[in-house]
Every structure is written in structure tokens, then in C-alpha cells.
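To keep things clear, I will list the structure first and then write my remarks on it.
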Amino acid sequence: MQQFTATVSGHREVAPNLVRVNLTAPPRMLRGAAAGQFVFVRASNADSHEPYLRRPYSLAAFDEEAGTLALLVRVVGRGSRWIAERVEGEELDVLGPLGSGFKLDERTRHLLVVIGGERQSHLATVLPLLAPAAAREVTITILIEADTAANLPPPSLLPPEVEYQTATRDGSAGHRGSALDFAKNLLPWADQVLAAGDDPFLLRLKQICAKLYPLPKVQAAVERSMACAVGVCLGCAVETQGTGYARACVEGPVFDLDRLALLS
Amino acid sequence: MVKQGKVVETVNLSVELAPRNPHGLRLRNPVMVASGTFGYGSEYAKLVDVHRLGAIICKGTTLERRDGNIGPRTAETAAGMLNAIGLQNRGVDWLLREHAPRWAKWKTPVIVNIAAESVAEYADLAYQLDGREGVAGIEVNISCPNVAGGNVPFGSSPTAAAEVTAAVRRASSLPLIIKLSPNVADIASIAAAVEAAGADAVSLINTVLGMAIDVQRRRPMLGNTFGGLSGPAIKPIALRLVYQVAQAVSIPIIGIGGIASTSDALEFLMAGATAVQVGSASFTNPHAALNLLDGLERWLLVAGVAEVREIVGAALPK
Amino acid sequence: MVKQGKVVETVNLSVELAPRNPHGLRLRNPVMVASGTFGYGSEYAKLVDVHRLGAIICKGTTLERRDGNIGPRTAETAAGMLNAIGLQNRGVDWLLREHAPRWAKWKTPVIVNIAAESVAEYADLAYQLDGREGVAGIEVNISCPNVAGGNVPFGSSPTAAAEVTAAVRRASSLPLIIKLSPNVADIASIAAAVEAAGADAVSLINTVLGMAIDVQRRRPMLGNTFGGLSGPAIKPIALRLVYQVAQAVSIPIIGIGGIASTSDALEFLMAGATAVQVGSASFTNPHAALNLLDGLERWLLVAGVAEVREIVGAALPK
Amino acid sequence: MQQFTATVSGHREVAPNLVRVNLTAPPRMLRGAAAGQFVFVRASNADSHEPYLRRPYSLAAFDEEAGTLALLVRVVGRGSRWIAERVEGEELDVLGPLGSGFKLDERTRHLLVVIGGERQSHLATVLPLLAPAAAREVTITILIEADTAANLPPPSLLPPEVEYQTATRDGSAGHRGSALDFAKNLLPWADQVLAAGDDPFLLRLKQICAKLYPLPKVQAAVERSMACAVGVCLGCAVETQGTGYARACVEGPVFDLDRLALLS
């Protein structure tokens, strides 16, 4: 973990209200970063108390050597809007990388990624591991859902090798319904499953998995509102099965799905 | 009207927080970090030179492990935040085993913040901390509900607050700071009562009781319904309470509440605080406390103030 | 989890604030402007269509003319402001002569906010307002110091608050709103006391006592040292107090404190307020109250809520 | 008084930390405006509560017909910085014109302007009346003071006919000392005096005038912190001689100097 000033090198709206912000960081800031980890970004000028708290964003891309990183920002409120509006040359106050990322098993050949819930930017959590995995000849299928076609992240964000299956609640693109409707069939195929979404989505995934044998190995990235993101405030509590609360910002955001006690 | 200072070359930043206590509690500088916002001191250590802090107050500790409240536990508000953590911690044994030995090697004193639901528990905690290496003092959070007293917080009556103070005082000779709650009508009388009952210092304020509502879901935002408000939003309230307490007690006062900058800290010192604690500002900027400290030293130099003590209470009625 | 509404075509925004009073106090909508932040209704009239407001509360009025406090009288704070005006006004005679006749012709009811330093003065004021054309109701500011009672504000004890309420009740049959102070330990007991003493409604909160210090001059920023904190900073506190009072009384509650947007107003309604007052937000945006009203109507339409009353208290424990 | 959206048409640093911001307003917003009046400007994005209050700025120039106005902004804190940083095309939320301005007597032939105190932007209060007065062949002398040369507003802000006499406390330009050091000699010359500055400055001016016979006719623009600027909050109280408090935002900011009870 470091605190550093990152400079915006470009930003681009990849879908309505979904902005990719490219950043350059000083050397050695991204050492040991992993997909699923995040940065904690100040979303105001230094002389303003509003918004008061930093905002967590997954590393949507990073290059340790080049000192570059990218965020995939869904504009939902004033913090995200402020970040998404920064133009080339402006600086961001960044803390990170933070938390525990996804751990891709070296033996995995069939990787299933399941992204759901209200915000499609959850996809950011896995983006950095896709190209390296594809290069190691891992077959990757991503299932993703959105309310409507316009809110689906464009396939251009993904390496070409990835199979991208979409579902929309209104049927305007892909399957009409939930990404979890396919999951049942694909879970047995996968050696490893990575998931990201809100709690109700992850709970439904867990319920589907519970009916399968052998139990699929699922790592899931959760989201919590965060005040400190370094483990001191205990605000980002995630209830676990029998071991009390864990911190989304330190032990998470990525957990083994079977460790989580989720609420709908 | 701006005061012209004499020329000074160095500033003496050190302050004594427990002048009546045989151990004393001398800090190299008056900038501390507040309970619940800096963990056990080690979490931020990779990022911040914690050894330059005046003191560290660790997360509130109870006798037994506590799991804390159901989430959501925090919510952002205008220039502040609400929290309802529910005193999640692993209990005093764990604290003494896992953290105190490391603290014993630090230059910065660590003060243990304690919380309990009965006078006996407070006393028991103080007794267990007494004389332990690495524990420089005790800060008593009296905003907790008094289970035997109808769940009214100890901090809301002078009698209950004094009872806790006296019990802790008997159980330990460590420097003893009583942390006052702002959710009261007359804080000065509570401060006077804990002073009389043996407190070495008072710190204030703890968070202000507040809430937020999730309009879409039509229910309280926090799992616990109510939470404590902190941050710049509460600074004017905290400053007024410090100013009132400064006219009611003669023991040192530690100012807390929305402190994020050098000028915030100066306001509290001038209102009568001998030292300050930086709380949730560390979340926004982990370097807030140290930046403030550097700025304080520069300000005093420029103003020609040789001892930080000289400005303590400067804005009080003459 | 987002509630799905039925389809509605129009929304009934009207609310009754004095159901127990023979005159009643029915507003076309629940959006009012708070005392001291909207003058006598005419100042903003060039800018804002004041006839669309639910009601206007005029600046606090005393028996005699008052010059007010020495300056500075206001100071900006994080997401809020402090004021110490000192109830500057020209007295109730002037009010009745210069303003009431105009108000009598308005569609929007005007409620007169009164302040005094003795029970007898409160009663005298109420008596003078009783039955006067243009005066739709009385809001009693009980945050004023009780000169006979050691300068402790009337609003900080249930007994004193009830005494003022009963006296005003006897002196006038007008709809009677008691405006509660947040600077107390247990607001619910005060609310219950004024309900029992005959209040038709309660409004809350008045400002929170605070201060700021001018670091360069080393003295309090306000001429009066202390001032009242208002604005978004206090919203979480106000909301919590409304939520607590809603569980203690059955008369209507008017929510006040940092309300600037539709979603702020919805929070207060869901916490149990029947109506809201927009205070210092009008300074930042003179259209705040009307924008909020428009947004409220749209929100209710989209949510399929046909009567604003349906969401009052929606976030209270079931 | 109107509330309107003004568009930044340009901004220029005329001296260190002194920025002229040019604005265009919708038609009919500046009807009846006068020098000494001011506008009340929101200094944040609409979605931020910080800074909370609007900021008062004198009309440093206006053209009723063209719908243009200008502010002369001294950068002293975050509100002024925010306003001074707005670039061409950005919009400001403006309330105004507000207050009572200077009233130049038609018979005035010798006009003395005295500007002092900590902020040289006080000069803005008189700027709009200088050119029209000069055109009517009024002889104008301005006395202005600053701590140091760099903080003196450049004479380029003034019509060429105006005589501009400067004083600096450190002697780096003009007379070493206060603008009031010349005032004694010039006051008898003037038919009318306009002054702007902080209270201690205006008090000193008043004390100097008090010793002269006949008493010079001085109008003075005061400054107060303002919450509402429309007369409802009563925060901007100005103590008068014997008639209680007046409001700087309605009865002022320009008052007859002899009406004011000033504190040092």
C-alpha cells in the first residue's frame, strides 16, 4: 500500500455512464498488484470536505513496469462523477493497491467469470487477469447481466479469446433474464469460478452452487461502503460463516464464496 | 489586529497531559490520533511515520471479544460520516498479548481506549491494563450504555460518569483520560464531576448521535439505525464544548472533533485544549495528523510563539 | 428491495398540522420555509413564487424592538454556518402593522415565530397575535434563555417547556407549534411534555450550539462567542431527533435541519415528519424550497404514492 | 434582483492573485445596476455543500445593453479561488445586482476616491462609475494603498483621465505609508468623496474628516460577511450612529460615512 499522485493520461466513455480513466503513477507504486485489488481515490479538491470519504475503485488494468493503471468508473453519484470528469493532466490522490485480489489457480484450464448485480463495472475486478490467463491457454467464459443492452460493458474491453455471454432483464440484448440462468450449465464445466456483484446476486449464485456436486470453487468479490480501506475503521464488515466479521478492505474484497454468510 | 510575535528559533511542542499523576503523560507534541480511526497503530505504519505522532489511542477495547453491529456500519454525510461499528474488538487479553509488547518498543506512547457496560467491567479492564508494558495510559469511553442504569449512557449524568471515573482510578494508577460524550445538555458539570473523581484529563468529543435514511429502501441507512457523526461537520459543536469545559475544569483537555488541518488544531488549542486528536480525517488523508503537526510548528515559529502551551486557551474570556 | 409503486396520476400533497385545533392548519403542501431564513416573506418574493410554498415562518418576533448582537454575526463552517443574530426585530406591533395585513391577502399561510425571556412575555405575544388577520399560527422558539430561571433555555427542561406551552395555549386559540432545541440530552421527554401541555405540533430542530475561532486574532469569530449551527452539517442530528420524537408523540412533527433537496425532505418525512422547513439552504439557493417541492411531487408520482401522508414515518420501527 | 446563469467569457490575472473574470448574462438581468452594487455568486458545483455560502463580489464593470459584467476577484480562500479558476464557457450561478451603490452627485466636479485596507479589490466598487464620470469632465483622483507594490491594482484598470496615487506600506511603490497620508490635503479639494475598505481604514478616514471644515461628503462601501445578501438573515449588521443596525446587503454596502459607527 502506498499513497501517490496519479496523473490522468486519458479518459473515454466506453458505455453510457461508464468511463475508463487511464492513469500514470510514479515508479514502484503498483508492486505486487493483483486483479480484484482496488485503489482508494479522493474525489474532491484538497480544500473541500465534500464528498468527505474517498471512493474505492478496482484496478481495471495495471502495468507494474510502465507505472500505468486504469479505472472503470460507473457514474452513479457525485464522487464517481468528479473522478470521471478529470481530464488529461489532472492529478488524483490515490491510496493503494489495497485488499486481497483473485487467486487464479495455475492448474485452471476452464475459467468461468460471473458478473451481476446493479452495476456492470463489477467486471473491472477481473479485467487485469484475463489477458494473462488467455495467454496461458485458459479457456475463459464470462457471463454478465444488465438491466438493458446499453448498460452492458462493450466486448472491446476484453481480450478476443474470451467468450462473452450476456443477459439483459428487458431482453434488449443476449438472453432475457439473469446471467445466473446459464450458470447452472456452465458451473460443472469450470475448474474455477470468479464472481463479482452485489450481495443478493452472490447469494443466488451460492444457492445455485450448493445444489451441485462437486461444489464449484468460487472466489467472489464483494462490495461494501468503505471509510478507511486500510482495516482500521471496521466499517466494511462482511459476515462470514461462523468466524464473525471480516473486513472487505483487507481480508477481501475477494473471498471464497463458501466463507460468506450473505443476506439478500 | 494580527498579533505580532517575537522572533523564535525553535518551538517547544511538548505537553503534559497528566500533571497530577505520579507517572505523568508527557507527549513530544500535542497531535494524537483518535480511537477507532487508527486501529492499533500498525495498520497505517507502512504509509505514515507513526513515531512522529504525539500519541496513539487504540480502538476501543472491551473485556471480552465483541463481534460488532450488523452492517451497513458507515454512511457518508455532508462534510462527515456516521459510524455504528458496535465496538468490534477481540478483547483486552488479545490486545495485551498481540499489541502491547510491540508498543513497548515504540517512541510514541499508546493509550488504550476502554469501553464497558458496567462500572465493575470498567474497573476490571483498568486493573488488567495497570502496569503493563506498552500501555501509557487509559482513555475511558463513557458514551457506552449503562446496562444496569436503563441503558442510559454513563456519559450523560455527572453521577454515573464520576462513578466510572472513581472505579477506574482505584483500579489503576495509569494516566486516566475520561472521554466525554457531546449528547448531553450540560457537559461542564460532567467534566467537573470526573475531574473531582480523579480524572487526569478529559478528551472531547466523542461522536454526535445521528442517523441517515435510505430513501429508496425507506429504512435507516445503518444496520444499527443510529450512528455517531464525526468529521468537519461537528467541529463547531466540539469547539464550543471544549470552550465550555475549559471554563469548568483545570485538568488538561484534549480536543477532538472534525480536526483536519493546522488551523482546526489551533482553534481547539485556543479554545483551551492542551492537545488534539485527529479522527476520521485520517481516512480522507492518512497524513492528516502529521501534516497538521508540521503546519503547527511552522505557524508557531512564524507567530513567534516559543511554547505551544502559550496559545492554549488564548481565545477564552480574559 | 426498492419498493414498486402502483401507478398514480396525481399526488395529494396537502397536510394538516393542527388536527386537534378547531381552526386547523391545513397546508397545500408540506414544504415550508424556516424562521430567520426567509424574512417576512416579501424579500424573496421578487425571485421566488412564494405563493407555492406550504407555509412561511417569519423571523422571530419579540414584544419590543430588539437591536440584536454585535457582529460578526455569521461565520461559514464545513457544510454549514453559524449565526448569532440576537433576535433583531422591530417588535410585534410593527409586525402586525406592517406585515400581517399583506399576509392576509396571500394564499400561503404565514406562521409567526415568537421569542421571549419569560413565560408572561410569551403569553402576552400569543395574546396579541390571537385572532389577527394574516396570522395563521404561532411557532414558539423555546431555545431562548429563561431570565428568571438562571438563563437556562426554556427548551432544555420538560417543565419549563410545558409551562411556556400551557401559557401560550391559554392566551391564544391559534394553531400552536412548539419549536424544540437540539441542545438537550433527552428531546423525547420535552416533546411529550409540550404535547401534554397543549401543543398542536412540534417543529425541530432549532440550531445546534457551536462556535468558531479566528486563529489570526486569537478570539471567537462571532461577536457573541457562541452561535447556532445550521445547514447540511446538522442534518444527521436533526433526523435522529425527529426519529426519536416521532416515537414519543402523536401530534404532527415538522422536520428542520439541513434540508436542501428532495431526498433530504424524504428522509425527514420517512423519519416521521408530516412537513419540513427549509432554512439556510435558501441562502445558497433561493429556489431550494420550491425545487424540493417539485422534486417531491415527481418522486411520489414515480414511486406510486398517491398521498404524501403515506410515507410519513415509513422508516420508523414497525 | 434576479437569479441568473452567467457564462465566463474570459479571465485574466491583472496582478498576483487578482483575477478579472468577464461574464455574459441573459438580457435584462442588470437593469438599473450601479457602481458599488454587488452580485452573490455560488462558489461550488451544484452537488457540493462546500463552500456552503455564496460569495459577494462588486460589479467591477457592467453593460446593461450588452448583458456583460466583470468581477475583480482577489484570491484569498477557496471560494475566490474556485471562481477565479472558472474558464471560458463555464457557468456561474449569480444573484444580483444587490444592495445600494454609490450615488454620484451631478454637480460633482472634483471626485476623490480613497481605497484602503487589506484587499485592493475594494477598487472594484468604484470602477464602473469612473469612465462615465470622466466623460462628464469630472476630475478624478484615486488614492490607493497596499502592503507592497505587487499588490497594487495596475493603472490599466482605470480610464486614462484618472489620476492614480499609490502608497505602499513597505515603500516599494509610490508613497511609503498609507493612502490616508495624502487624504488630508486632497479632501478639501474634493466636492465628493467615495471610499471603500475595511472598517479600521474607514474609521481612520472618518477621524481625518472629522477635523475638517466643512465636513467632506463621503460615501463609503463597507464589507461584511454575508449569508443571504437579500436582507433576511440580518447577519451583515452595520452599526449606525444612533439608528441601530443597518444591513450591508440592502441599505449598504454604500453608506454615508457619517452614518456609520465604526470599530477599529
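Letters A, B, C and D mark the chains as written, and numbering starts fresh at 1 in each.
Going forward, a contact is a pair of C-beta atoms (placed from the backbone, for glycine too) under 8 Å apart; a residue touches a chain by one contact, two chains touch by 3 or more.
Fair warning: this is a prediction, and the values are worked out from it, not measured in the lab.
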In the contact graph of chains, the distance from subunit A to subunit C in steps is 1
In contact with subunit B as well as subunit C, sorted by label, we have A, D
Chain-centre distance (mean CA atoms) for subunit B and subunit D, in whole Å, is 46
In whole angstrom, the CA-centroid distance of subunit A from subunit D equals 54
Note: subunit D sits from subunit C at a C-alpha centroid distance in Å of 36
Flagged in subunit C as touching 2+ other chains are 77-80, 231-233
Residue ranges of subunit D touching at least 2 other chains are 49-50
Among line, ring, star, complete and other, the chain contact graph is complete
Touching subunit C in the complex, subunit D uses residues 1-3, 42, 49-54, 93, 95, 224-239, 244-245
As the complex stands, subunit A meets subunit D at residues 44-45, 47-50, 78, 81
Per the touch rule, the subunit B residues reaching subunit A in their complex are 36-39, 43-44, 46-47, 59, 67-81, 83, 85, 88, 231-233, 260, 280, 282-287
Subunit C partner, complex, touching residues on subunit A are 49-50
Subunit C contacts subunit B in the complex at 1-3, 77-80, 82, 156, 183-185, 208-213, 215-220, 225-227, 229, 231-237, 239-240, 243, 258, 263, 266-267, 270-271, 311, 314-315, 317
